[in-house]
Amino acid sequence: MIGNVILVDIALFAILLAAALGIAHTRSLYSAAMLAGLFSLTCASLFVVQDAVDVAFTEAAVGAGMSTVLFLGTLALTHSRERVTPPTRRVPALLVAVGTGVLLIYASLDLPPYADPANPVQQHPLTERYLQTSQQEIGVPNVVTAVLASYRGFDTLGEVAVIFTAGVAVLMLLGRLRGNAAGSPGTAPAGGLQGEHRVLRVVAKLLMPFILLFALYVQFHGDFGPGGGFQAGVIFAAGIVLYTLVFGLGHARAVVTPGILRMLLPLGLLLYAGVGVATLLLGGAFLDYNALSPQDPVQGQHLGILLVEAGVGITVAAAMILLFYAFAGRGARS
Amino acid sequence: MTANLPALQVLIPLLAAPLCVLLRTPNAAWAVFAAASACSFVFAIGLLLTLPAAGSISYAMGGWPAPFGIVYVIDAANAWMLVLVSGAAVATAVYARVSIAAEIEARRIYLYYACLCLCLTGLLGIVSTGDAFNIFVFLEISSLSSYALVAMGRSRRALLSAFQYLVVGTIGGTFLLIGIGLAYALTGTLNIADLHARLPGADNRALIAAIAFIGIGLSIKMALVPLHAWLPGAYGEAPSAASLFLAACSTKVAVYALLRFLFSAFGIERSFAVLPLTQIGLLAGSLAMLVGAAMACLQTDLKRLLAWSSIGQIGYIVAGFSLATHDGLRASFLHLLNHAVIKAALFAVAGMLVLRLGSARLEALAGLRQRLPLVFAALLLAGLGLIGMPLTAGFVSKWALVQALIAEAQWVIVGAVLVSSLLAVVYVGRVVEIAWFREPSGATTAIAPIPLSMQLVTWALVLLSLWLGLDSALPAQLAGNAADALLGGPR
Amino acid sequence: MTVVLVASWALITAGAVLALTGALGLFRLPDFYTRTHAASITDSAGASLLLLGLLLQAESFAVGIRLLLIMLFLLFTSPTAAHALAQAALKDGLKPVLGRAARR
Amino acid sequence: MIASGYNYWMAMALLIVGLYILMSHANMVKKLLGLSVFQMAVFMLYISLGKVRFGTAPILDSSITVYSHPLPHVLILTAIVVGIATTALGLALVVRIHEAYGTTDEDEALALDRKPDAP
Amino acid sequence: MTLALPAEWCAPERAWVLPLAVLLPLLVALVLPLLRRHPNAREAATLTGGLLLALGAVLLWTLAETPLRFSLWTWMPGLELAFELEPLGLIFASVAACLWPITSLYAIGYLRSTDERHQTRFYICFAIAIAAAMGIAFAANGITLFLFYEMLTLATWPLVAHKNTPEAQRGARIYLATLLLTSIGLFLPALIWTYALTGTTDFRDGGILAGHAGPGTLAVLYALFLFGIGKAALMPVHRWLPAAMVAPTPVSALLHAVAVVKAGVFTVLKVTIYLFGLDTLEVGGAATPMIWMSAFTIVVAAAIAVRQDNLKARLAYSTVSQLSYIVLGAALAVPDAVLEGALHIVTHAAGKITLFFCAGAIYVAAHKTKVSELDGLGARMPFTFAAFSIAAMSIIGLPPLAGSWDKFLLMEGAVDAGWPVLMGVLLASSLLSIAYLAPIPVRAFLLPERGAPAADDDPSGEAPVVRRPRIEEAPWTCLVPLCLTAAACLVLFFFEDQLLTPLAARLGAP
């Protein structure tokens, strides 16, 4: 059993290494970007092997999906071939990289053995608390969601703040803001595949509802299975991206207008923080969901997790779509 | 509500950021930012006052106790830093209104204030938290927003600087992440106090690597020589208000985080035992003093000059705490504050010059003293502080540092401190000479009067630095408490 | 039950073989269009056979329905993707390699 | 030893490659690609900390007894978000730099600024 | 000094007069900018301030015996800002205070007749410099002294750079660089070291370092101090003095006679007496290298002075040489020698300021700056050159002039300290001083005016029988001060013991 796992691991790592070296070697940035997408996807499967389904899900959605799209969008706006790297840059880089590696190998000599139940990580009271007690305290089968949204809910708030920051920053750098209005449907549907792509449009039309439905499913099924606000948001965004690619930026902007997005982006974060404020006002600590329904704490936890996951989903979806719009819109203008 | 102060003073700016984006108008966004930073400042002061003499306030996020959830732990050390950071934010808020309106496209201003709020949130979060991973998260919030803040500088160089800052800063953050991961692998916990309790003895190789990674990562964030390359561009090209804010506290907070890891998480008995941190720190510190000051002498732009001098000043702080003595830490904390005030004042001056002259090139300052007497008076006073003239803040902290060094018989480092002070004489002297004794070059067009708000901030900072130099009894005592809090071992 | 097992493994093997062929074709075939064709074999036929095989082994309804949905999704998307690729290439003016040149 | 540490070491190998790409290439897009590879390697390191032999995904079920540790997963979820945020911001900067300098190559851009006639 | 004042005036709680002495010039400095537009009012303010301060300083002599100590505040544990009245400081204070109004009076004439720019800035910086000098004079510990020492440096920097010309900037840069580098690089470390050794920097009778350090340490420390106090212009840190010659003459007078250099040597004396303590130095022999150094400076600087043709440069090098008399006196560390140092502060101040005044007057009246151009000027400017001769003789040390006393005392001291060798040095330097000072009045009075216009300055065509050149003196504002100071050179000869008694008592010398 464990042997097969090792084999799978090694196979996946072989692919990863190949992809990484390919990125290092190729000078065509498009293929480099695609290789990066492959890299992320393989990572995702590796995470599945290592029981991190939520992470795998996220990685597949973000690494293989969103960031690849962003990379391609950037390349569409810039050069797609890179200069030959001069050796003067290579030697120091190699030294630094190898130095770091050596330090890590040195560290690994005293790291606890891989996957050993006797590891400090597994022995720490945290494990017991999260894997057993959480059922009475929170009652959410997907422990990752429980920890993410409740035990370390504050970290997740920070995470939402990070994605919010990215949204704001990219908006500030690339965004076409009020003043030069977004293209209305029909006018210059930039980046869209036009005319004879009947097949594409039909299929896209067919799939769109399912994608969005799936996003909602992931959003609200996060308590019981892999998923949650973050994955849901990304999937939703992916749907819009597909729509934009097929029907053009103009239509997409008409369907999901930047104005709304710029409202939703902060609203999600406000919702999340607002839950915290509510708990404060109800006399609990910040983000202490028990305060939401004192008589039945577990109920409170459920409510709180639902709300904050919604907040995460809203902000992430809005941020991702805004990012994509920002890049695509840049292309449409230049 | 006082029980919730620790959460509130981070929460308020965090709420302010989305509010800025919702309100969409420059003035409203400014008002929100100003109000938020004022609130956190008040709360920080409140925390400093309500702090028990030696103990610490602990606040459990989500009501989950220490190792299971994330806790905020406020003691003398980070109360001190909270006041510093939020104070800098207040100064920035008053200062920013005019300078940002002048330097940033009107339609993007509200986003800029949102970024300022987020940066403040991140810094405050790093300072108050008692959870290792939480430090990483908020570090990334502050870093991301600072990249954006820098990128909005007026020249295209700003974009390049911001990109380099982003790449280097992310490497730093990831190194920190690796270090935290190693520590986690050894203990299974992320809470700093719990880490300190559970980490293995000094001979563990993974522990050594963890300290090394965290040290390197945060040294990058604090621009410690030789990992300083990103700083001059970032501070030199950023919009004035951002330069003021970042120069006042961003590197300082990185220093604080490192202190927290070395002294509270790993504990002095491990960190300074497994690695020759004292020697490394003193070496890097003195190197930083000399390189920073020397490079500052060669600059042709006031803001870059100040940025290089910041690199030098970090050296003093590092040299102070790497002694791992009470006096050394005290000196470091004193200099954290004093340098923050002085450098903020100087960047405020630079901002006023940029506002009126379009740039802060040194040639452009020739003979301007007669036409901007107040501005240059401020420059002179703050500059004296930078040199470390008696009766200025700079002298106090340098005196404390030198005392600490002498107590440890580190004569070579004392020499480095003095040499760098001499170099400071040179670069400050250059600016003053150009402004005072060089005849104005070219056509002397009329210079519009400088907005009151900016003058106000500048002079408030200058006077504060003078006061810190005249009567440093209170700061010295507070810094002493902070040092005790860190040396008191686990929180 | 064994019959089902055998059948499923047969399907899985077939799918694997098809996938392998697709990969092989990706290397050996002369030009873009033919390679696209090979690639699309992998993720339509190959993948769906694999899924069918797994379907026969599915122990719960929930799993089965998921597998079916995935298969449906693949059957929709992968040909479309191949089509879009070919179309884009053609629009881009990439000429198919035909006749003698093809079997070099 | 090998069996116990192989997972870490493979991650470290990727980490080295990623860091090398990041440091050695002057092209900014390539840098960002290297950055994401570098970060992914670190994520693997974390995830492998949570894995426990014969464990399954930490989604509680009456029929399962051994679970992998959920905490690293949570941390890495957060870290992935940070990663994408950084990448997005970096790419936005690259676009702006390309508009300002007409190149995405760091060295070329720096050279442009060193020219006296640079704005 | 026989003023009888009511007893309560002499009570220790009068100590507030000390910070007042520092405050008064600062107030003047604050007032001046307001009078920017009214030159007369401005100068009047300066003069009144000066006279008040001078009066105050003279009155202070009545308190010489009462121990006055005023602690302003402690600005950091171990760093106290405090003033103290002690005889040596009193001497320096009264020199600075009395010469301020005189120099200002002179400056008025000089600046107006050469109509310089930035005159307000000039007077402001001048006042601040005097305030700093007062602070130095009354400093009760090393830190306070250091503080005002730096303040003095910074306040005089604009004075040196006054002309804003490139060479003025260069001179000012050398001036500032030398003084700041030495003070921060050597003086401050020495103070810190002292603090580290003894835990205080207070000035106490008999010194604080006694028993805290071995002879080796003391020697190094003493060297650090003496070179660190760059204002004392001990070779090789004397370069700033000639460099500062680019300044207008009143500034040179201030720099080289009143405030700066005297502050330097005064600091040397303070350090010697109250930080090290004469006995500590004498037994340890820690000062021996410094004795040689100062002796060397005395001779070499004098030799250089002989070869200078620019009048001010010559005077500058003479200053360098003369200052080392005081340093030497300090380094000998015997009461007589130290008293000589104290006295020399006064006498040399009077003499040298007169010489500079004369140089300035010559420049104003005849626009001559070189010694070789002075031939025959004596007839045109009799008062100036008379004053010059008196001052020169005082510097050389001929009785009955003030300068003679301290030569005498110094020789005594040298013998007491067992350094008969120095007699030779002093003799040589006296000869050299004759060599560089005497020629000036001689040329002026005895030689015929070079390139004298024969007929054309005579309205009537016929050749003159004997030409009586008309008097062409500088304006009276220049003339009066230099006559005053010249007179002082004479008067001081008779007040030598009144000046020294308090200090001698403090030192426990006969």
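Order of writing sets the labels: A, B, C, D and E. Residues in every chain begin at 1.
Throughout what follows, contacts are C-beta pairs under 8 Å (C-beta built on N, C-alpha and C of every residue); 3 or more make two chains touch, one makes a residue touch a chain.
A quick note: this is a predicted structure, and the numbers were derived from the prediction, not measured.
Taken together, chain C and chain D share the touching chains A. Taken together, chain B and chain C share the touching chains A. By C-beta contact pairs, the most connected chain pair is A-D. Here the chain at the heart of the shown protein, by mean C-alpha position, is B.
Distance from chain A peaks, on a Cα-centroid basis, for E. If you average the Cα atoms of chain A and of chain E, the two centres end up 76 Å apart. Rounded to whole angstrom, the centroid-to-centroid distance between chain B and chain D, based on C-alpha atoms, equals 27 Å. For this pair, chain C with chain E, the centres built from the Cα atoms lie 100 Å apart. The mean-CA centres of chain D and chain E are about 70 angstrom from one another, to the nearest whole unit.
Contact of a single residue of chain C with at least two other chains is seen at no position.
Under the contact definition stated at the top, not a single residue of chain E touches 2 or more other chains.
Counting only residues that touch two or more partner chains, chain B has 133, 137, 140, 144, 147-148, 151, 178, 184-185. Chain pairs that touch, as defined above: A-B, A-C, A-D, B-D, B-E.
Residues 103-104, 106-112, 119-127, 129-130, 150-155, 157-159, 161-162, 164-166, 168-169, 171-173, 175, 177-179, 262-263, 265-267, 269-270, 273, 276-277, 280, 284-291 of chain A are the ones that touch chain B when the two sit in their complex. Contact residues on chain E toward chain B in their complex (touch as defined above): 73-77, 79, 143, 146-147, 150, 154, 158, 161, 164, 168-169, 172-173, 176-177, 180-181, 184-185, 188-189, 192-193, 195-196. Across the complex, chain D meets chain A through its residues 3-10, 12-27, 29-30, 32-34, 36-37, 40, 43-44, 47-61, 66-78, 80-89, 91-96, 98-99, 103-105, 108.
Remark: chain B residues 133, 136-137, 140, 144, 147-148, 151, 155-157, 159-160, 162-164, 166-167, 170-171, 173-174, 177-178, 181, 184-185, 190 touch chain D in the complex.
Those residues of chain C whose C-beta lies close enough to touch chain A in the complex are 73, 76-77, 80, 83-84, 87-88.
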